[in-house]
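The two complexes that follow have chain A in common; it is paired with chain B in the first and with chain C in the second.
Entry: the complex of A and B
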């Protein structure tokens, strides 16, 4: 990986970062009178174009998603290599894989709104590909998938071949393997919980492997931190719901600094054993606060916000990097976080939630 | 309603018998109405309290759900909710209260109601605890909603029966019984009149016979 290739992209991103909304901006938004006023306040931001086109203000969710999609495409257009960015975006493909797995494996009626439009591979192509997996495990519709992926990104930014290569060599095999694993899990456990968890594990395992294999150490560390924090949240929710240790071991994500098996064994042994596992990593304080809440049977909402704020802080390390794909991905993460914060504010305004309630849920800004 | 009958002793006896039955029916219906009212008031009080509880619980559940909707993207939320929880199976039996057939709902299979051990129908990695709270809250309110449905249906059926009984009591009390009394009195008076006329006629005939 030649970091110098990313110099121009990092420059672009530094300018884009200036447009990110700050904590103060979100506070101002939270103080607006109603949904209409909040949307009006966003007219001068990057979201203005999408929000202005809204006939019905209540439909702000898809508009924010479109704005995020535009940002992804723009960042891709000036990135020297699309691999790390596409790997970052692959979460939407894995999300669509969940929808597909539930439809094909569990026979659930497909919910069109559950399909993410931000995936690299369009959902219909994915469905076609997964429906005809051959004995060799490779989808027979692969050429069509590649063609669609080329036309989607290639025409605009000249990354056609690289996108096609990424899709065929990395993404599609990962999706196929994960789908097969989900098929096995779904049949074993007979439920959507197993299918979802299996796909989440497949995604995290593949993403961290991809970054490590290509030498993106900091990105791999980000992925590890995300896996750790997600596992911590899974553990707390499992403790809260009293899930069986055998189930918990199967749903923990790989790729973190603590292995799922260690966490699973400690979970079975009890909270003291779990604390011993977390003592050797930087999440111990977060773990203690979470455990306290679980033991007091208090809502985990604020604690989860704390976990997400911690992850934002970790991603913010990318801002100190002068070169490489990390600042670009950090910016994209910051943008996703910004969209989440906007959803929190606008949903709060929509449901007439008090200002304090909205502010308590707003995540730390990447800006 | 006017009762027209022939002024005969037989009709008078029949009218008196009808009056007696009407009075007895009136008393029975009044007792039924009072008992229905007693049952109704007890149920309506419980139903009102339960509705307040359900409203509060639903409002909390919707609040949690609106936060889950804010934290998760719409695609993630819809995907998470593609699979419902295990269905709750209920059976409806009927019981008689003062001859009113009221339903009683029983939960045969609790599905994933609170307390039943269960894993959620979505993975934990991409969702938040707000969604768990919302689903838990909605599941929790279901038992109360079933009980509320039972109570409100009972109240509705009892109210209809009370109304029907009240109309019958009033019809007996203000229409049929007074009419029967009036008719009986009319017949009675008519018979007395006829008796007096007969007596004076006999006296007149006696006088004529004596004069000859």
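Entry: the complex of A and C
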């Protein structure tokens, strides 16, 4: 990995970062009178074009998703190699895999709104591929998968071949393995919970392995922080609800700085043992604050927001890097976070929620 | 630190050490004259300092192009930052020129003993090595300084001062080579 190759992309991103919405922007949006006024305040931002085209303002969700998709395509168009960015985007493929796995393995009806249009492999192609997994049908479907993936994210930048190579050599095998594991887990446990957690584990394990194998150490550290903070939230929720240690160990994500087995063993031994495990990592204070809330039986919502803000802080380290793929991925993460915040504000406005309640839910901005 | 570039520079370093060893072997075997050794020194000064500048200006230019693509008004401020790592190449060329002058290359006749050749060779090394290393590191600081220009154009002055600090060591390399060539080398 040569970080010098990313010089131009980081230059693009530095200017694009100036367009990210700040905490003050979100406060102003939260102060607007209603949904119409909030959408109108977004007119001069990156979202203006998509939101203005809306016939029905209530349909802002897909418009925000389209704006995010445009941003992904644009960033890919100036990136020297698409691998790290596609790996970042693969979360949407794994999300769609969850929707599909529950439909195909458990017979649950599929909710079309749950499907993400941002995946690298279009949902219908993924459905066709998953239907034939285990019957050796993937090789025959691969050319079609590659063609669509190429035209989705490789068309604007001449990365078509690299996108195809990523899909065939990295993404498809990861999806197939994860689907097989989810099938096994779903049959064992017979519920959507097992399928979801199995796919989450498959995704996290693959993403951190991908970054480490290719020498993207800081990106691997970001993924590890994400796994750690997700595990921390799982632990607190489990403590709060008194879940069985055997169940907790099964849903913890791999790829973090503390292994799921160590957390699981400590969970079984009790809060003191858990604190000892977290003492050697930087999340110990967060752990203590969460534990206090659990012991006082207080809601964990605010603390969970603190965990998400901590993750944003970790990604913000990328803003101090002058070269490499980290600033580019940091920006994409910031954009994603921004869309989440916009959803919170706009749906708050839609439901006429008070300003204070909206602001309390908004995550820290990457800007 | 430089990713793939580091490996290339380490490989280049090993190559150069090999070349110097070859020079020594040939010189002691009587296969190289003083003129050839001195010319190798002048070549190293231009070549190594030039590599530092080429990589430095190249990477800084890439970053500047990325910023300019999004905001063309920042071009002027970025140009200065891009040009800074280019000075090492000029220093290397100056020393190479001075070395040739001291060899008598412009006076029509060069007749150096191996000892004199080695003196010129080693006098050229400070600017060669300092130019190579400082060019690469100055590029890193320039590239980071471009982030300041992109986000806070009003602080462009500070962005210029930071890479200028690295320049000090390229200038010291230049001074050492010039002083050695002018006052220490006996031809």
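Note that the second predicted complex is superposed on the first by the 360 of 367 C-alpha atoms of A that agree within 3 Å, B and C clash if a C-alpha of one lies under 4 Å from a C-alpha of the other, contacts with A are read in each partner's own complex, and residues count from 1 in each chain.
Here, a contact is a pair of C-beta atoms (placed from the backbone, for glycine too) under 8 Å apart; a residue touches a chain by one contact, two chains touch by 3 or more.
The shown structure was predicted, so the numbers you read here are calculated from the model rather than taken from an experiment.
Give one of first, second, both or neither to describe whether A:78 is in contact with chain B, with chain C, with both, or with none.
The second partner, chain C, only.
For A:3, using the defined touch cut-off, is the partner it touches chain B, chain C, both, or neither? Pick first, second, both or neither.
Once the two structures are laid over each other on A, A:3 reaches chain C alone.
Which partner reaches more residues of chain A, chain B or chain C?
The larger set of chain A residues in touch belongs to B.
In the overlaid three-chain picture, which partner chain does A:174 touch, first (chain B) or second (chain C), both, or neither?
In the superposition, A:174 contacts neither chain B nor chain C.
For A:318, select first, second, both or neither according to whether it touches chain B, chain C, the two together, or no partner.
So A:318 meets neither chain B nor chain C here.
Which of the two partners, first being chain B and second being chain C, lies in contact with A:14: first, second, both, or neither?
second
For a test of understanding, state which residues of chain C touch chain A in their complex under the given definition.
2-5, 55, 59-60, 62-71, 140, 143-144, 146-147, 150-151
Touching chain A in the complex: which residues of chain B?
62-63, 66-67, 69-71, 73-76, 78-83, 117, 119-126, 128-130, 132-133
Quick check: in the complex, which residue numbers of chain A touch chain C?
Touch list, chain A to chain C: 1-4, 7-18, 78, 215, 322-324.
In the complex of these two chains, what residues of chain A are touching chain B?
So the residues of chain A touching chain B come out as 61-62, 65, 95, 98-99, 102, 106, 108-111, 113-116, 191-193, 195-197, 199-201, 204, 230, 233-234, 236-238, 240-243, 247, 251, 253, 299-301, 304, 340, 343-344, 346-348, 350-351, 353, 361.
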